[in-house]
């Protein structure tokens, strides 16, 4: 009646701004008809996909990369009501349930003996800050990773949830690819709307004098989070034009051949959000192929600027990488505060 | 009017079950009059307390402990509505906001190109699962750690919040002290109500053939979480009788002298919750002295049984330990999924 | 792995405690094969079911019942973390986001001119206090009320949600049937496990000297909420044995013939929760037939003791009844604070 | 470090956008030095302020205003993630915890007998939709209504909370003052930034041929909610320029003399938000004087357009008014769906 159309659309469902027109066919199924797949590679019950590549050897390779013991924590700050989020989410809302206010107003007495304590709670989208995606988080057709039914996602993921990634943990040899520094502007950020192609990754590695190895964990810096939090002149940030990876057959094949287990970036989606491929619009096609077909874990909204400054200064772009998603059973994603140890 | 007294008491405030009688003085201030303190040791603006001990040397010592590259993730599972929590908290409540149910009922179309995705949110007490306490989480008198006013806790910690612990990260040389195996029952669990004293820690270390070093991160296994999740005959679990550390001058002095930065355990509070000291009841007195006076970080509700089984089998009780609290600005605590790398 | 079966079952889904064994057929479909139905009576697009009976004439009949202008509000108190809830729900959790604590600690300045204000938020199950059920809240087979697909419930009710009941509002002629006083114990409460049959309703009305009329709104008092909040000797309260209506063909036919629009009670489910009919166990069968087939609105967890005391004293059991569910679009239920005006 | 100032300011506290410069004195205390007060009028323990005026006589006066039995529900729609909110709040977030998706994917079995049900939860600011303010919600100096300490607001209102308003309920004789129609544009809306003065109210009443009586409940229509939800040409809506009441001594004195118990409007704050009085900026000064000094209950974000259209058509501007805030103990506000019965 009095609800205007705009409100109905945006209020109804989170992603409606990005809704597709009704389609007789799903283009991505054609696009990926000949794409590689890791389904079944680690058994039909496999839950962690390309994280299987992260065996003890890879942990030891990460350990051996450590030279000085410097650590970098890579999560964005979590601030009540503030932070970059994908359309349909809100930033974390934080509430104290108990603090000195209760004691100083004589509403609550100290515990026996005299100790007092504070306590707090949040309402939080699990992907509303730096996070790891479950392998079941994105898919196409009626299957999620490793031939599990798309129905497995309903009201909690029965399969390939983020909890199993938390059980496994992510520990291995990480490499920072600072594409923003290699190909960006005077403050080392890629322009809005920039596509990052395979060549950009390889050229960045070469410029950094880094030899990429099989099973490396990749951290791709675009400069987008620096732009979000910056007051500098290039600081117009927009969720829909963040620089990111763009789909290509070569990129997917390289990730497959290199047995890359985990790709993180300092943007909302690792990839550029709306992309055009062969004249057709796609939104997060790499989520489809990497997550669903290859079981590669994606991780987003990293703070990479401090690590990148350090690497630019000392020339060390590799490190032991650890990320520990929360063991949220049935979850689609989890907040995470990854650590790089150089 | 029609609200019975019980309801008023428990509904009003979370910790009222444990409320002290009105006291003319605070016993803990007398008890700790001669206790050591780290206030000012790292400057009056210091925010991370004994985590300052975790410098690059300690990171390297942790790295050098790694032998085979095995990893153990130490968080409890997070299951909607289930899990051990301190009185006044509820377990995490998890909700899908988007999943295949919307696509299969034609309520939501796939993104342009055909990719679909799920999304989820939680209502969560920040200490409602395995977590790290902020240094400001517990105190006595009118000051929290490092001479900050207790008012700094009001509606979000202005000082010594959990966010600064997340910025720093916790990386160092960890040691498991499996007191439950050393002094426990036939399934390696301490009896309900057990006090763990300094001698128990030292004897356990000796029995494990472990030489404790300065600045070690301590993981203390009591068996309490195994009891919570177990169907075995000794499985009567009660938050108020979980085995844990008990206060003594010697214990506090030893922690101070050993420059212990971080103590974790597989129970709700590291320490036994109600303790009697010199005929006086105390609740969480070690929180008072360790957190407020020494700046030692406490971390709780660990899952240590798998790590402990492994250590019992191979005799390696030390490891690289990493824990990365979320950078929750102004927060009193943070969920965490720690990793031990052997 | 280490999660015991009990935890998995109760944690997975809210109602699993009440889960049925796998059934080749659904007994309720047989039971209700000849039951009356209101589908289509008010058009195929009807959203409010038997509330259609509440036309202006019924509003005026309610108005005419008012004699002295006394008012009774019928919601239970909402107290942080406390209150009777159906398995799978938790009571409302209430948090202040802003209060004098911020001003008195100089963390927040007054608004320009000097005014200060408090603010608060809740995490709340919509049926976690006194509430109105949406017509789509319960069903059997693959259809909810008025031939809408059960899929209409997925991630928000597309049809017969609680929002449309909020748009309509509930205003009419109410009658209290104090069965607890008529047939209860010395403190006027029915025994746990008591079935209320049609005869009990009719006999109670007769004892009260009330002549029930078509389209009356019924408020049934069992005494169960008094028991929940009481310290009196009969105060053992259990969600699974609250006294309530029990299914019978006669009862359903009478509700249909009397064109009852709305039935409320001082218990969790209006009806006795597990009922045995012809040797078969049923849980909330009256929800099935009343809500899905007849479009009768059910409303629960009322505080009726004060109203009942008043009626017992003055002999007036009828009143203007108003209840205004929140206009929660797509909602399955809504908290409500109904008012009886005598 | 990398957090820009803007983010710090807006993230820290909800109302910081409106923060005052540090003040040596509080202007409102001077402004209101000679203002009337109702403190003590109904006893020092009074919790409901001017709602005391709503006695049985007023209920009967409301009853007598009813002519035809038409009802109008006055809440805005509650739509997930959408709706007008004051800075610092977010609209209600709604989540299904259970629905047909679980049954159709065989994740949940029907209850014994075959009934299925849906369930849902919200995260909600209590003033994030149409709502009633607690008398303790706004204040100046160190006292809230009726001489209660401002400390009574800390972590839940010990006094004059919204729960007591819910216990009382709001029932009386309501009058719509359609200022938007009397003094507005071609679509009957006041211009952004418009001040409504006492004369505007009186002139509107006169134009409507309404004789205002003592103890009337006032509903003031500005047209602002119509503007928010409209696609019409004048639809630029801004929380900071919504038309509303402006402070004047005459207005306050008139409200006091007329013993007005309750004032509602179709905007965020009843009053214009930033107002200039004698060259000084004020934000919500009427909240200060009406709520704190007079105990007048304010209620906001009403949907009045349908009621107003009806009144314009039939000339009846008075009605029985009912509003039932939830009995949220210790709460600062409550959502409400008021009903006007003509």
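Per-chain numbering from 1; labels A, B, C and D assigned in written order.
As a convention for this text, a residue touches a chain if its C-beta (ideal position, glycine included) is under 8 Å from a C-beta of that chain, and two chains touch if they have at least 3 such contacts.
In this text, all values refer to a predicted model and were calculated from it rather than measured experimentally.
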Just to be sure I understand the contacts, which chains border both chain D and chain B?
A, C
Rounded Å distance between chain A and chain B, as computed from the means of their C-alpha atoms
27
Distance between the centres, which are taken as Cα means, of chain C and chain A, whole angstrom
44
Centroid distance [mean C-alpha coordinates] between chain C and chain B, Å:
42
Got the chain A residues that touch at least 2 other chains?
11-14, 77, 79-80, 88, 93, 96-99, 101-102, 105, 107, 121, 123, 151, 154-156, 329-330
Touch-based graph of the chains, sorted into line, ring, star, complete or other
complete
Along chain B, where are the residues that touch chain D in the complex?
11-13, 93, 95-97, 99-101, 105, 121, 123, 155-156, 329
What residues of chain B sit close enough to touch chain C in their complex?
2-8, 10-12, 14, 77, 79-82, 88, 90, 93, 96-99, 101-102, 105, 107, 123, 151, 154-155, 158, 226, 229-231, 303, 305-306
Inside the complex, what are the residues of chain C that reach chain D?
13-16, 18-23, 26-29, 31, 55-60, 63, 66, 68-71, 73, 75-80, 88-89, 92, 94, 96-104, 107-129, 134, 136-141, 150-157, 163, 166-169, 171, 274, 277, 280-285, 287-288, 320, 322-333, 335-339, 341
